[in-house]
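Each structure below is given as structure tokens.
Each of the two complexes below includes subunit A, the first together with subunit B, the second together with subunit C.
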Partner chain A sequence: MSNWVEACTSDDIDEEDVMRFDHAGKTFAVYRSPDDKFFATDGLCTHEHIHLADGLVMDEIIECPKHNGRFNYKTGEAKGAPVCINLKTYPVKVEAGKVLIQLG
Partner chain B sequence: MDSGMVIIGAGECGVRAAFALRENGYDGPVTLIGTEKHLPYERPPLSKEAMVSEDHPAPRTIAAESLFTEKNIDFVGNSTATSIDREEKRVTLEDGRKIPYARLLFATGAIPRPLPLAAGSKHCTTLRSFEDAVAIRARFQPGARIVIVGGGFIGLELAASARKRGATVTVIEAQSRIMMRGVPEEIARVIDTRHRDEGVTILCDTGIVSFADAADNVAITLSTGNVIVADLAIIGIGATPVAALAEASGLETGNGVVVNDWLQTSDPDIYAAGDCCIFPLAVYGGRRVRLEAWRNAQEQGELAARNMLGAQEPHQAVPWFWSDQYELGLQVAGLADEGVRTIRRDLGDGAFILFHLAADGRLVAASGIGPGNSVAKDIRLAEMLIARGARPDSGQLATADVKLKSLLAA
Partner chain C sequence: MQAASLVMPTRRDYSLIGRDSQLAVESGLAAAEWYHTDIPRKQMKELMKRSDGPAIRDTAIWLGSMLIFAGLGVYFWGTWLCVPFFLAYGVLYGSASDSRWHECGHGTAFKTRWMNDVVYQIACFMIMRNPVTWRWSHTRHHTDTVIVGRDPEIAVMRPPDLLRVALNFFGILDVWHAMGDLIRNALGIVSAEEKTFIPEQEQPRVVRIARIWAAIYVATIGLSLYLGSILPLVLIGLPRLYGAWHHVLTGLLQHGGLADNVTDHRLNSRTVLMNPISRFIYWNMNYHVEHHMFPMVPHHALPQLHAMIKHDLPAANPSILHAYREMVPAFLRQLRNEDYFLKRELPPTAKPYRDEFHSESVAAAAE
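Now for the complex of A and B:
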């Protein structure tokens, strides 16, 4: 339960933006919020398996680049049509400028 | 309780409207009438994934059956509304059943525009339904000769899908280039080149003189005098709104069901939304348009639902379209023909965006193309700039290092 994986450094992501992170055959999205906190979710939209990291971050919402499905990236909550299935989220911590995601 | 809400048309628009009625607190009867036997499904994959998926495709439903039950939406499939009594306020279905309404919504969509010359040919088809897609897919075999009439979104998506399945593809376009409507030439050229690289033959400025059926194929005589033999010809020359019932009911129609900016028809208790309606587009000063677009169908379905419940909200969204061909993703926000000059921003990896500016400097549209969804984020930001009537600096638009988000904050 302490499988922390380094995803990137904190400088790799602008505030209110997102970055794709692939690890062990899976893809994730790592977010930096406008108030400078880091979050991580599964990388693919639950509607049509599109990479969310190509989408736009607005405040605490990530919007799918294809069909504008919206999720709260802090909680994973789906915010309405066309998405109805929540996103899985992962714990994140920043240590010495490195963004670490707990994957298990 | 009132006599209920009736929605004619169970595509993306009608389904969104039905659920939006519930999301907005309506608890009276909601009836959703669709002509197809399937539970309502998404149409965009029909020209793309459904054609190339390894497994036999299944309709991708918009909402699970359990959700219709949970929200108490009465979906009446495999059924056609045949008349509307506006005095008594009820809809009659083909089986004679009468459904009363307090408010009625037309979400009947659009159907492929027929090509009269091709009417008698059994080797010519169009794509609208899941059954159409399955039948076309079965013909996309290695070596099959596929001719696509019309170089628009559907035709070109089918061309890409047919090539992926190993068929030989010829696209015949009457105009001087593909995607004449809505897509700027600079972007159309990228897509044209990509198709030619895949071995697709694209014939522009080419009309069709005749179709002559043989047992297993059809000979198509072109305006150039050449004859092409096709195992299957797919006609993709645009769509016409399904508005006959609205017209027969005495509602104002033109190129679609005419609505005001609340999506209300000439009868205040009847609304129309999505591909079937012609409406004033607020972002361009009320220019009347009819859109054939997935997102517009959703947005207008939701808006119509709110207005059927009395919200009196005008439609204000910026049009948005996309197309996927091979690995390329095309997105357009706004209507490019509103612009008089363009600014290009290169994003790397061959991806670029054209910003279309009006004479007064307002950003009126943005079109982008690139691998995957590489242009999506900037097109979405451009859409927000368009919505607020922004006049961004040309130099900043051209410079990829200047984040569009920073222009939004300005």
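Now for the complex of A and C:
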């Protein structure tokens, strides 16, 4: 059974930006791409315990604010040192201006 | 500036696999949460924004000047007139490469990724730092800045080895160690310390690059022997010695004489206002507190970042000379008491240091 959770409204995030969303003891990062689509990943860098929501979104890349590790936030792919482990991604949908992520 | 010391000096163990390394992990100093000045997200995004323009301009000036100085040096080779040209070439080779290695390693110099990577590889070769090893060591430096036993890039350990520092103004010990590491890596050996911060899957790349560099140096030495002239080595390799002084001059100021084992870059890093030539060579790394607090901000935006957050930082040293006048006496006192350090005072507008995040030594320093 799918578990869709409301993370924010679509207006909460600027285009080409990211925000943090905490839920049930876990932290997530919710992205709005330059072409106005929404995505979600785990909120912490797989390299060290750093919140990606403080990082920089460039096209489809999120760059970690501490060591500049880069991930493709659409696929979760780690793009090279110092990140070697991919980021977990989550399905996202927007309904009535609300951004929902599927957490289960 | 306040000075501080503890009653009982303690010997620091800087080994990455030693006692203090283990203690840092156990005490939570390793991979800790660090203090950041609050900056609204919109302003931070503007500061972090990448651009190719400034770095393309600076790289063209850097490599173009090197070509001109090298050309004039070769033209006047055999006369004293070649000396100033090689001195200038040497600084661009043996010092400007340090900041290019650094900024491109962060991936912030250029917006375009491959440009960062190309300049990174060139700069690494000049400064004699294996691009894989040093990418990972610098990652650790940012995680555990001046945490004893964790940070592999502490330039001046306590008590300070001033002879080592003096020799490194001419790159002597750095090059000696770099060549040893190069040969060892080229033979396929990655040390136990290197293995603490380089992931296993990256280690073969360390060896591959060491072998390529070894081939370049062997070819350069061979050409020198064939020509019966040291000129090829004056162009490749030796500038890391005779041109190193500027990066050591500026680099020592980054953390020299300040606190260790703290988790606030305002306590262990130093911002120094510098002349424009040094800032070009150093690529604005004189804004070092700002860089450590926000490593995502490109070099060209650091002056803007400094203006934005200076209310929350210790006052910047107004010149290189001013900074040396506080750092050198601190080094000399550390010879007698290695726990001595300079505690940087905050302006009234700053958020106070959080002693709960710092080691006992800093709490004692406030007394």
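As a convention for this text, the second predicted complex is superposed on the first by the 103 of 104 C-alpha atoms of A that agree within 3 Å, B and C clash if a C-alpha of one lies under 4 Å from a C-alpha of the other, contacts with A are read in each partner's own complex, and residues count from 1 in each chain.
What we mean here is this: a residue touches a chain if its C-beta (ideal position, glycine included) is under 8 Å from a C-beta of that chain, and two chains touch if they have at least 3 such contacts.
All figures in this text were calculated on a predicted structure; none of them were measured in a lab.
Because the two structures share subunit A, they can be overlaid on it, and in that overlay subunit B clashes with subunit C. Contacts of A:His51 after superposition on the shared chain: subunit B is touched, whereas subunit C is not.
When the two structures are aligned on the shared chain, A:Lys74 is found in touch with neither subunit B nor subunit C.
Using the contact criterion defined above for the overlaid structures, shared-chain residue A:Lys98 touches neither subunit B nor subunit C, since it reaches no partner.
In the superposition on chain A, contact of A:Arg20 is made with neither subunit B nor subunit C.
Once chain A of one complex is fitted onto chain A of the other, the partner contacts of A:Pro82 extend to both subunit B and subunit C. Looking at the shared chain after the overlay, A:Lys66 reaches both subunit B and subunit C.
The residues of subunit A shared by its contacts with subunit B and with subunit C are 54-56, 63, 65-68, 81-82, 84. The touching residues of subunit B, counted against subunit A in their complex, run 16, 19, 23, 62-63, 67, 294-295, 298, 322, 372-374, 376-377, 380-381, 403, 405. Within the complex formed with subunit C, the residues of subunit A that make contact are 17, 47-49, 54-56, 58, 63, 65-68, 70, 81-82, 84.
On the side of subunit A, the complex with subunit B involves touching residues 14, 16, 50-51, 54-56, 63, 65-68, 80-82, 84.
Those residues of subunit C that touch subunit A in the complex are listed here as 31, 41, 44-45, 48-50, 106-108, 111, 132, 135-136, 139, 142-143, 199, 201-202, 294-296.
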